[in-house]
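Letters A, B, C and D mark the chains in the order given here, with residues in each chain numbered from 1 onward.
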Amino acid sequence: MCRWIAYTGEPIYLDRLVTKPDHSLVVQSLNSKMNFTNSGQLLSTNGDGFGIGWYDSRYEPGVFKDDLPAWHNNNLQSLCHQVKAHTFMAHVRATTTGDIQRTNCHPFAYQNWLFQHNGHVSHFSKIRRELQLCIAPELFSELRGSTDSETFFLLALTYGLMEKPKQALQKMVARILESLLKVDKDGVLNLSCAISDGKNLYTLRFSHGEAPMTQFYSTHSACLEDLEAENCQMPTNSTVVVSEPLDTFGDKWTEIANNTFTSIHDSQVEIETFWDG
Amino acid sequence: MCRWIAYTGEPIYLDRLVTKPDHSLVVQSLNSKMNFTNSGQLLSTNGDGFGIGWYDSRYEPGVFKDDLPAWHNNNLQSLCHQVKAHTFMAHVRATTTGDIQRTNCHPFAYQNWLFQHNGHVSHFSKIRRELQLCIAPELFSELRGSTDSETFFLLALTYGLMEKPKQALQKMVARILESLLKVDKDGVLNLSCAISDGKNLYTLRFSHGEAPMTQFYSTHSACLEDLEAENCQMPTNSTVVVSEPLDTFGDKWTEIANNTFTSIHDSQVEIETFWDG
Amino acid sequence: MCRWIAYTGEPIYLDRLVTKPDHSLVVQSLNSKMNFTNSGQLLSTNGDGFGIGWYDSRYEPGVFKDDLPAWHNNNLQSLCHQVKAHTFMAHVRATTTGDIQRTNCHPFAYQNWLFQHNGHVSHFSKIRRELQLCIAPELFSELRGSTDSETFFLLALTYGLMEKPKQALQKMVARILESLLKVDKDGVLNLSCAISDGKNLYTLRFSHGEAPMTQFYSTHSACLEDLEAENCQMPTNSTVVVSEPLDTFGDKWTEIANNTFTSIHDSQVEIETFWDG
Amino acid sequence: MCRWIAYTGEPIYLDRLVTKPDHSLVVQSLNSKMNFTNSGQLLSTNGDGFGIGWYDSRYEPGVFKDDLPAWHNNNLQSLCHQVKAHTFMAHVRATTTGDIQRTNCHPFAYQNWLFQHNGHVSHFSKIRRELQLCIAPELFSELRGSTDSETFFLLALTYGLMEKPKQALQKMVARILESLLKVDKDGVLNLSCAISDGKNLYTLRFSHGEAPMTQFYSTHSACLEDLEAENCQMPTNSTVVVSEPLDTFGDKWTEIANNTFTSIHDSQVEIETFWDG
């Protein structure tokens, strides 16, 4: 249960989305508003580490993670004030299990790819072994932490994420569900992912067994307009995707439907049904 | 704006109060219920570090601090499960200013003394220099962080905390108010402190200019009774003081009045008016 | 390539071995003297985290780990000054690969067992998957980090460490060698382990393919005698095992031969050949 | 006793100096070769935190610090691989006293200024109070840690660093010596500083009472030539200043004499005697 944002478009300073807005990701780390559990409880604190990944002039993304809360973090403030990127993502973590360590923070990176995730799977400790056995042997040594998310990413890579992202994610979901439903036919899988290769931004919203995580996007240059004048306009031809809107949820934000795979490239947002199963 | 507990009595494992109760200090670090600002906002997250100080068989207390949230902290869980003490205190921190570092975490220690604090003073950055000049030169090198609390503790030591605690705290308060009111005649000073030399436990509840921080104590062996059976009874002849009760606020807890100095020794709780000014 | 100590006997404060001696484990963290690579290079810095595990009055051991260097660590100093234990171990880490995180620090704990290790296996990233598949499924979810040592411990548990330690370690070594030699017939496995269930202390010194890690023990009450008078005598009926002696290597320390399994209980040191293969 | 580098010239990726060279600053953090104490002991480990400060397109510098060793730090590796700057500095810390915390790491920042330091003053705990009283009251709240270096920086700012750097540093040195020599007429002050406003790079090498810290600079484009081909050439019109050369100390590096103030601007290196006193 976490919060994230993702951006692609004209290069902007990361602080435009990560630290400055009134309901920025950093503010959400302390006080999110849409992060409900299935039983209706609001999880407002996302203090179990954070991470950012960004694409500037290098082929591989930059990655900065810490196992501290994002609020009051001087390194994060300074970095986001200095660094510009055409494509970036940022994540604040809340966990009810699992260790608080940098290798469990999102986004996860492999070569030029980034992956971040908000959601959960039930019974992960019971299906972890079976899922990790499905990771390609040459990718197995990439396992550095203990999260479900890292396992999902390596599964997706195993199934061809770098060639055919949507199909790879379908196979990943099918594989997770296969293991999950063996253990508990009422098991829950809930995924809200942002993925990038530095040229395209992909998102997935998929849920099995409970209400899906929220996910919104905007291509509206005034999507941050309630903020102070200097930051008011986003560049045209830019797209922001968030787990909850940065300002009050208004008509500049479009909710992405459940069971949707989204591809964003050159400010074109292509929306497809993810899964016909 | 923080939360704390303090205990003195028969030696008990620290987990009895710090980690096990349904509304333990660790639970309060993520979800406190009485931590209101003057404008009525609930500050539920105390994730900017924590600390414990305890007296076992050594003259000096043990001190363990970290700049991470207390929730999910394996070291804290293990330590509190292992360590027994006849007198101890524990603190979770929430700051709106100041660096997140171990030297800003409570309790502060000097020789055999411990000091922890929940509250704030307005305009600290403006009066800090004047207050720190009042610290005895031989104590000045004890300054290791940047909090108001550490400065208050060193002032109290300067004014004789180790000989006459109440008078030293009176002088400390007078000195703070003198500097504060020069800067802002409507300035606020709000103090809820726990202090110990390993034999006595002292607390202070004092506020100038706004509603005081909450403070409660109990000598009732059933003060934790809503919890699971094994932890139900506190030892007789023990005293617990808290910034908010560990279970639902019931008749086993006594609210300490504002402007009160409390001395607890051998299970005797002596309550005095702190300040006649 | 790390340094460690282990103790069993009369309860003593941990600082007697961990922080006070002139060549204490903490001193070794910054400046060890016997930590040579196969090519003869001295690795003097063990700054990639540390950990202690101790048995006091609880069934499970206490564990305190941090991903910071052990030198200058106030928490470690305070804890070791406060805590007494009849059996304990402590470890400082140096890694050339792998993440610096608490879950990669030793000792590893499972129920009432502790395990720490100094050494290495070649090609771990290539054999990791095969070895982890041999971990009992019900233990697989215990994997929290990414070290060879954690994998070895879980393998030993899988093979019956809690019932027949020596045989379980033999099976563990055989299994590692099987995978290793498939990948590289000149592969190296070098193990210096300390293991405890809180009643017995076991150590293993075994090397395949290169000179073994050093390992020494002493039951001599004057084994620390070059130190200041107050700490001069260890309790009679106590045993210390170290990766390098705490004082100058003198006649009070006995080098444990390669290929040795040692069992220490009630101040009896039983030494057996580990492996007849 | 620390190690540092500073650069000004054509924008380059920070990894060119910080992480890539065979004797890069990160390598020096684990294994420096010229960091001798007055008694001739080599202090090879600089593991008590690190920091970088850089000027890109913002007026204020970016600052990234951590209280962990620089070696094996993934954030530092990634950042230095991504970030380009026309002027930057980087520092690895070794302390024999003082807390390991980010606010004690260099470089220190104030508005558009950066300051880093390698050296020490004897008896700092005795003269700290007197020196801090000389800090301008409006700068006093900038004190966030407990190092001599931070105090020196704030003194220099008090004495006009932003207007007349050399004179301000002279006053700073005079003030430190005044307090020092009152306490101990044989006291030692040893300073090797790098300072920048984002347009100019200044360095100071000054010692009173013992051999000075080493300091070298190079404007030679082949100053890194012993390294792999791709990084062989530094841009023309660039200047590197280091506490010890990145490759073997050869004729491409010029040792800066003791008692020297250096100003570097637009690839002009102006060298002046610092102090006529």
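Things to note:
Going forward, contacts are C-beta pairs under 8 Å (C-beta built on N, C-alpha and C of every residue); 3 or more make two chains touch, one makes a residue touch a chain.
These numbers were taken from a predicted model, which means no experiment stands behind them.
Comparing the chain pairs A-D and B-D, the larger number of C-beta pairs in contact belongs to A-D.
Shared numbers divided by all numbers used gives the overlap of an interface; between subunit B and subunit C this overlap exceeds half, so the copies present the same residues. If you average the CA atoms of subunit B and of subunit D, the two centres end up 40 Å from each other.
Listed for subunit D are residues 74, 99, 102, each touching two or more other chains. Remark: subunit C residues 54, 56-58, 60, 62-66, 74-75, 78-79, 81-84, 102 touch subunit B in the complex.
Within the complex formed with subunit C, the residues of subunit D that make contact are 30, 44-45, 47-48, 67-69, 71-74, 95, 99-100. Of all the residues in subunit B, the ones that touch subunit D in their complex are 99, 101-103, 125-126, 128-129, 132-133, 137, 140-141, 143-146.
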